[in-house]
């Protein structure tokens, strides 16, 4: 794919190598396409059903855009969606910071009880959400005397999201050339500068992956949100989860479809934008 | 990117990891504070509650008792726990198998494509979990799309039971956790040095051997991370299992959740949770120790 | 320039202080089931009274209990089911209501007032009632189904959906044995254990949230579900039939109540009165086809709504129904029994 060979050309297996690499690329490409199809099939169904005139989203009746219209006037749903996005963004920022800096500090320095710290980090991932939700509720209300709202919600979400970032960054750190930082500092950088200008760019794929994971986890979180949110910070899952009783409102399909469309536009847009910006 | 580092996979040399300066302690403070307040404190509360009793309403009564733990070590709950662990393991293995090639493809794709592809992996999960799962139910149900397709193509003679089976459960779990395997593996693949891979081929390794014996071991940190990020959360996951599996197989997450609802027995739920935590912490401790003694 | 700035600053301060000292905005904090009070009703209430309403939702009684008892959230209105009302009253967690402020209470049919869990309606007013019954897809099952025993016949194995509620299922087992549903003593649990052991493996799907999905999808042919689900199924396709089991069933009543810690009791009582109004009650029935206890509202419902047997059981059927009482800590024994049989 981008493997331009250099120098090693007179090997009798040259032809074989190129074909092998291409076959490999082809095979993996097809596999990836199939997996993407798998990932997107329910999304396709859900978008199609957003145009279904039937209220009960089980059978296709006829084409209709009424749900999109109704969605626009459904203040409750839209507010909830906005809250979800806000909390997800705040969570992503906090979790990424905590996870990245945490992973670096644990890697770089020898802190006492290192192993214990490493284990503690996994606890939010293992602990069943209801336990975390209830104990955080008690902590917030009875010990910290915090009103339930955006702050408590963000704290709760960040707590179970940052381990995902931390683990990912730790994995990326494992292949780090230990002398990279030293080299930077030999050239006059402070540890902070070395971190920002050398380590962080190296960690970028892991940081971005962690951020994507945190955002996703936070957007859909229900159980923890039940216990740690207040009246003004109701997120979408909280409003949606009881809806199954009368049938999931197709306005939700409409909402998700619009959101996906916007994200696609953004993603493809920045791709084309960057493409023209060739270095 | 240095070849030495890629090949040797250096973890920590004693020389490199310094003792922390006061400034380093300061920088670590936020993480420590966070861990203390929002991880340690709730865990302590959990353990305390697990030794408590409850009143008729299900509220906690702080009388010390072992009964929750005695009750927890019943074969019934252990069976449920093992069932959940088994599903988690299966999910992790399948996610690894399905997701690795995708991560490899994205990691070796042209630079401008990678961000886009990564986002495309995640975007389906920015829809509401419930409608996504109900979409699967529509697809897999007896009168659903998959069955209609298979029957009209002549592969099946009549509609099969796909939904509400263990197959559906695993499908649902794999679907929801696949990105959490793909992304970490991607971060390991992304830093693979081309020169190294070509060297492998040049040395006469066939594509399969090169892949198996060189590339996969080099991406081991990513694989380990992905496995953790799929296995650990999926143990206590129950919403998917209940919806796709019809609720016939209780999972440990569901059992614990029910203690906080219909069971009205929060201390017992806390005990079950503590046991789960303990098992996990022990397993991790042992594997870490084993790796360090390598 | 400086003078203008000082003027502006003082105006701003005065404004801010003034805002702080303004009379407390009329507020109401409602904690209720999802999809149970239509948003249009809430909006209308705000418009008519000027009270700002904030709504939080829960998906089960115990979720509400867990949050309430952990001290989270100051709620003025909660929407507990009948056995929870009883438990809350016993634990002195409810604020008594001033019935003089709720004249519309007279709209409620007498059979829904002064029920066992709140003998004098001192703490709660009925919101909506419902029942549990059998739904049959007559395209797939041609037999005449009349009772629980008919549902759990061997030929129906793998075709059944039931509610994922241990207490419910145990209640049906008790009914099938002629035992009272609230008598969940250890002895009775032993008696119904073989019944449950027989029934549970036959069930294909356990679903309390949306059992209609499995029925509509054709994955199951028969179910024991909430009346509301039954009503929606009857509305959607004539092939579905609704049957009240011959052994009897239970009636549930969701009420509105005021927690002890409520801050806006007057507004809460105004809200209760509002909900009990005839036109508002009709709005709720239009949105959700449950059993409306409001007699005055029933008079203005459409023919189709009244004729929906799942929404409005007949009087003889109602006479056979029992109501859940609080069973306290026995709840976990029931839960464990059902879980152990499920996990076989």
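A, B and C are the chain letters, set down in written order, and residue numbers restart from 1 in every chain.
Assume contacts are C-beta pairs under 8 Å (C-beta built on N, C-alpha and C of every residue); 3 or more make two chains touch, one makes a residue touch a chain.
Since the model is a prediction, treat every value here as computed from it, not as a measurement.
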item: By count of C-beta pairs in contact, the leading pair of chains; value: A-B
item: Maximum centroid distance from chain A, chain identifier (CA atoms); value: C
item: Centre-to-centre distance between chain B and chain A (centres being mean Cα positions), rounded to whole Å; value: 14
item: Whole-Å gap between the CA centroids of chain B and chain C; value: 36
item: Shared interface positions of chain A, touching two or more other chains; value: 58, 134, 138, 241, 243-244
item: Shared-contact residues (touching 2 or more other chains) in chain B; value: 134, 138, 260, 266
item: For chain C, residues contacting two or more additional chains; value: 63, 66, 213, 217
item: Sites on chain C touched by chain A in the complex; value: 29, 33-36, 39, 54-59, 63, 66-67, 70-73, 209-210, 212-213, 216-217, 228-229, 232, 236, 288
item: In the complex, chain B residues that touch chain A; value: 1-2, 4-6, 9-13, 15-20, 24, 27-28, 30-31, 34-35, 37-43, 45-46, 98-99, 101-102, 104-106, 108-116, 118-132, 134-136, 138-139, 145, 175, 178-180, 183-184, 186-188, 190-191, 194, 197-199, 201-202, 204, 206-207, 211, 218, 221-222, 224-225, 228-229, 232-233, 235-236, 239, 252-253, 256-257, 260, 266, 269-270, 273, 276-277, 280-281, 284-285, 288
item: Residues on chain B engaged by chain C in the complex (per definition of touch); value: 54-59, 76, 79-80, 83, 134, 137-138, 141-144, 159, 161, 163-164, 242, 246-250, 255, 258-266, 268
item: Interface residues, chain C side, partner chain B - complex; value: 60-63, 65-66, 69, 87-88, 90-91, 158, 164-167, 203-207, 213-214, 217-219, 326, 328-329, 331-332, 335-336, 339-340, 342-343
item: Chain A to chain B touching residues, read off their complex; value: 1-3, 5, 8, 11, 13, 17, 20-21, 23-25, 27-29, 31-32, 35-36, 38-43, 45-46, 49, 57-58, 98, 101-102, 105, 107-111, 115, 117-132, 134-136, 138-139, 143, 155-156, 158-159, 162, 164, 167-168, 170-172, 174-180, 202, 205-206, 208-209, 212-213, 215-216, 219-220, 222-223, 236-237, 240-241, 243-244, 248, 252-253, 255-256, 259-260, 263-264, 267-268, 270-271, 274-275
